[in-house]
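Presented below is the structure to which this report refers.
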Amino acid sequence: MDKLLRKKSYIIMFLAPAFILFTAVLIVPIITAIYYSLCDYKVNTDATFVGFQNYIDLFTKDPDFATGMKNSLFFMVFSCITQLIFGLILAALLTNIKKGRNFFKNVYYLPCVLSSAALGLMWYFVFSPKYGINKIFEGLGWLERADKGTQWLSDTSGFIILPIIVISFVALWQYVGQSMMLYMAQISGISKDIYEAASIDGCSRTQSFFRITLPLIKPMVATAMSLNAIGSLKFFDLIYSMVPESMRGKNGGAHVLATNLYEQGLRYSKYGYACAIGIVLLVMCLLVTFLINKFVKTESYDM
Amino acid sequence: MKMKKFLSLCLAATMTVGVLGGCGDGGSSGGSTGGNDGGNSSGGVEEITFMVWDDLDASSDLITQGYKQSIDRFNKDYEGKYHCKVVSTNLEEYYTKLNAEVAANNTPDVFIVSPGPNLDDYVLPGTAAKLDSYLNADGWKGTFTSDAVFAGGTYGAEAKDGAGIYAVPLNIAAACVFYNTEMFEDAGAKVPKTYSELLDACKKLDAKGYTPITISAGTAWCLSMVAGYLCDRNGLNLDDVYEKKTDWYDAKVIKAGEQIQELSQYFQPTAAADDNDVATAAFYDGEAAILIQGSWAIGQINGSCEPGFEKKVGVFAFPAVDGSSADPNRVIAKSDSLAMSATSQHKDAAIALIKYFVDDTAQKYTAEVGGKIPVTKVQYDESVAPPELAYVMDVFKNANATFGFYNESLADTEAGSTFDSCFVEIFKGTDPKTALKPIQDYYEANVWK
Amino acid sequence: MKIDVDNSMVEKDKTKRKVVKILIYALLIFLVFVYILPLLWILMSSMKDNAVFKSTPWDLPKSFNVDNYVFAWTKGKLGIATLNSFIVSTMTLIIALIVGSMAAFAIARLRFKFSKLVLTYFMIGMMIPIHCVLFSLYTQFASWKLTDSLPGLIIPYVAFSLPITIYIMVGFFESIPNELFEAAVIDGCSVPRLFTTVGLPLAKTGFMVTGLMAFVNNWNELLFATVFISDDSRKTLPVALTKFVGPHSTNYTQMFAGIVIAVIPTIIVYCIFANQIVEGLTAGAVKG
């Protein structure tokens, strides 16, 4: 048996396709992207090595990148916190009921599997001042004229502008189901005996949630949080489909890192510069995962 | 058990894909596809690619539909010899995609382009072919209205392939002010000749409950078209800016910014978010009284509005600014032009295609149906042409000079986008001097070196 | 005496619990509305005439109008886009499952020194945002003339689906009891047969989960598809949808029909497989 499973030819045969594909389409391009990010490389010019110039320009001279960084960091912090809170609350509520649990769970998870581009367009219309919720407010008499009400997706005042806040709530709406599922999976994995023992010891339900459930799902908090953080740093679809073009164009207030990348790479065809943005994004993702796992994840308990 | 169902579904899916794939293969050997592979012919048909910024099949824009007719005629007349394959994108990402094709050595044989920095991008490095020899053959050039129509496509020694003409114009659009005559009458507003009269007309329209002006700041170039007019009417000379005789903090630009802010009280409340389509629709739907737009709007009005609406539409030239010495008879004009790839393997086919866009049938269509100004000496029936065209022709004939859209007339495309975005900021209420900093900085870093 | 007190305590506790339960259900049902209402609004509006929508956007539709769907499907080119999305997602799913589960089987069951290292190597992929390879892949694919083609999307999609597929499948292969393999080996099974007859059938839940995840992710992917595809006849659904409001058109209700077309297939798949997706995800997640 051991000999059979150690046969090199089979190992190579089984591993090679995935290994080659993965390396050629993901690892090699990352290396070339790192190289391009150090080059002046535009559509009509060949790549010429310029050292860290692109990165220096990014961090010192590019107001759009600064906006993108600000908004992306906001998305990350917002989604980590709100998804943790709401995901946990939903998970706790759903594990406490019997009737309809599956139904509720399936409904809340539904948007996770739907196209963000389509949902983004949907919310774009919901927040359209002329036809969306402002129209309802008008009908209720709260607004005199719908289109003169709050400009949900084009107001640009404040440090974090309104469209970004609106979209972060839409993202919460769309993805909280995923956090909920992860926490529920972990909670349902906790042995009933522990709760029974606790209740015999006079522990109330609320108490046992904080004393037993929370500590036991801590490793999952780290997993879910990393997923949220990376997901929100990569954020593109909702911005692309919800805010007006001028706000994700030059000097647009609703930039995130991914729209920076899209604009520089696709609209101005500055491939080297766009690659530099991509590499910054990569470093941030790795850093955030590392930090979350360092500070949130503790040793996992045996359940 | 459900697993089985799923697997069988997968299997069915695979089979469908297989069958479809098979169909596709069969199709391509028939010679109708071939992708962007340089149009290698199969079965003796030379295939050329044509890239355009609108969906030829779905668009209700009459000019676009005219392009489709030209291509259809070309394909029919040259059946068995040439075939034109259309690659379409939407306007917003057109140059992006075109650049990508160029970068990949996939330049379409013929592509549509606006003269200005966009065309520079293809002429200067030698992507677009010099067309003089074709234009001079068989008196083709003589069919055009004048040599002046080629101005935008003419380059000097700075082009890699030397001085000459690099683009053939298809039609000319002039940016005018369209207004709803019924609303003007109802409000007792007069057609304004000056900026203060424009404000006055807006005031009256507003008092009657109409939205005076519909404009898009969600699509930045729309707002910047008005900004361009205001800068020009205040006397700004773009060449002076380019040569650093003045800068973007010039009092004329600041004044234009203040005027945008003053006008903005008469914009529709959702102007900041509305894109060009939404903003123009508000005029076409009879919700707003004034639309400042290129004369391609005529093609849209006649293509998609309620029948009869076109009778309510009047046109006037952008008003002068009171007290400014600038020439008030300057018009923003723009021509769609065609360029040919310098590396095209099928130059004869490409030229043949271009000729179909400027032959009498196409140019008559341009005027009579599309409502744009034709570029050849074609005789068209003025009684059939949309009434607005006559107004636009008047504006155009009275013009002492034309100038380009500002975002297509600056140092490069990124400068154009920066200019657009500065005026969006001004519109949103930022103090003009503060809002103009990005364009000033951009010129300092990239242009005035 | 003492018993009485206990009883009333229990009663009090019971009513308290009931109230809490009602509150919980009220909250959950409210949330269901938050989730379903916007979707229903779009569905209803998609049946309206554009002018009717513009004047009364929140009223119920008076009649069922399929014109919007016909337009979106044919002239709006969502029909061809649906087909493209289907081809891309299905091909990706099939290739990713085959290639991924083979690698996972090798990592989990075959014995070689660097199996942990190989797994880690693939796991790097889970932390890489695809954005950072976007333009280096794009320029490369453009020079190979793979942009504007469906294989040009399928190849990167497969590569991006591999890490999660391998990750989950390794978990499933590892959970298969060793005895089963031993028995098969004694019966004279070769390694490929071990994979197909013992490994695959016992890891079918894993197949299901990873397959559905790959399908859904690629069905919805926008960024790569926008950059890689510009030819209308090769656009996938999300791209075609975001470009649907072509120049000079404001036919919102046709757009709504487009949104419905884009989400309906996933909703159907989800309704059929919701429990499996949920169970599978749970299994996959707990393994991790």
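The first chain written gets the first letter, and so on, giving A, B and C; residue counts start at 1 in each chain.
Simple rule for what comes next: contacts are C-beta pairs under 8 Å (C-beta built on N, C-alpha and C of every residue); 3 or more make two chains touch, one makes a residue touch a chain.
Everything quoted here is computed from the prediction, not taken from an experiment.
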item	value
From subunit C, the most remote chain by mean C-alpha position	B
Higher-contact pair (C-beta pairs counted), B-C versus A-C	A-C
Gap in Å, rounded to a whole number, between the CA centres of subunit B and subunit A	37
Where subunit B and subunit C are represented by their mean Cα positions, the distance between them in whole Å	39
Length of the line joining the C-alpha centres of subunit A and subunit C, rounded to whole Å	15
Residues within subunit A bordering two or more other chains	266
Residue numbers of subunit B (touch at least two other chains)	93, 100, 103, 275
Touching two or more other chains - residues of subunit C	54, 138-139
Touching residues on subunit A, where the partner in the complex is subunit C	1-2, 4-8, 10-11, 14-15, 17-19, 21-22, 24-27, 29-30, 32-33, 36, 90, 93-94, 96-97, 100, 102, 104-111, 113-119, 121-123, 125-126, 131-132, 135-136, 139, 173, 181-182, 184-186, 188-189, 220, 223, 230, 233-234, 236-237, 240-241, 257-258, 261-262, 265-266, 271, 274-275, 277-279, 281-282, 285-286, 289
Subunit B to subunit C touching residues, read off their complex	2-3, 6, 10, 13-14, 17, 20, 35-37, 53-55, 57-61, 64, 87-91, 93, 97, 100-101, 103-106, 275-278, 280-281, 285, 300, 304
Contacting residues of subunit A [partner subunit B, same complex]	43-44, 61, 63, 128-130, 145, 147-148, 151, 153-156, 244-247, 249-252, 266-269
Subunit A partner contacts - residues on subunit C that touch it in the complex	21, 24-25, 27-28, 31-32, 34-36, 38-39, 41-42, 45, 53-54, 57-58, 99-100, 102-103, 105-107, 109-112, 118, 121-122, 124-125, 127-140, 155-156, 158-160, 162-163, 166, 181-182, 185-186, 190-192, 195, 216, 219-220, 222-223, 226-227, 237-239, 241-242, 252, 255-256, 259, 262-263, 266-267, 269-270, 274-275, 277-278, 281-282, 285-286, 288
Complex interface listing, subunit B residues touching subunit A	92-93, 95-96, 99-100, 102-103, 121, 125, 127, 217-220, 268-270, 272-275, 413-414, 417-418, 420-422, 424-425, 428, 438, 445
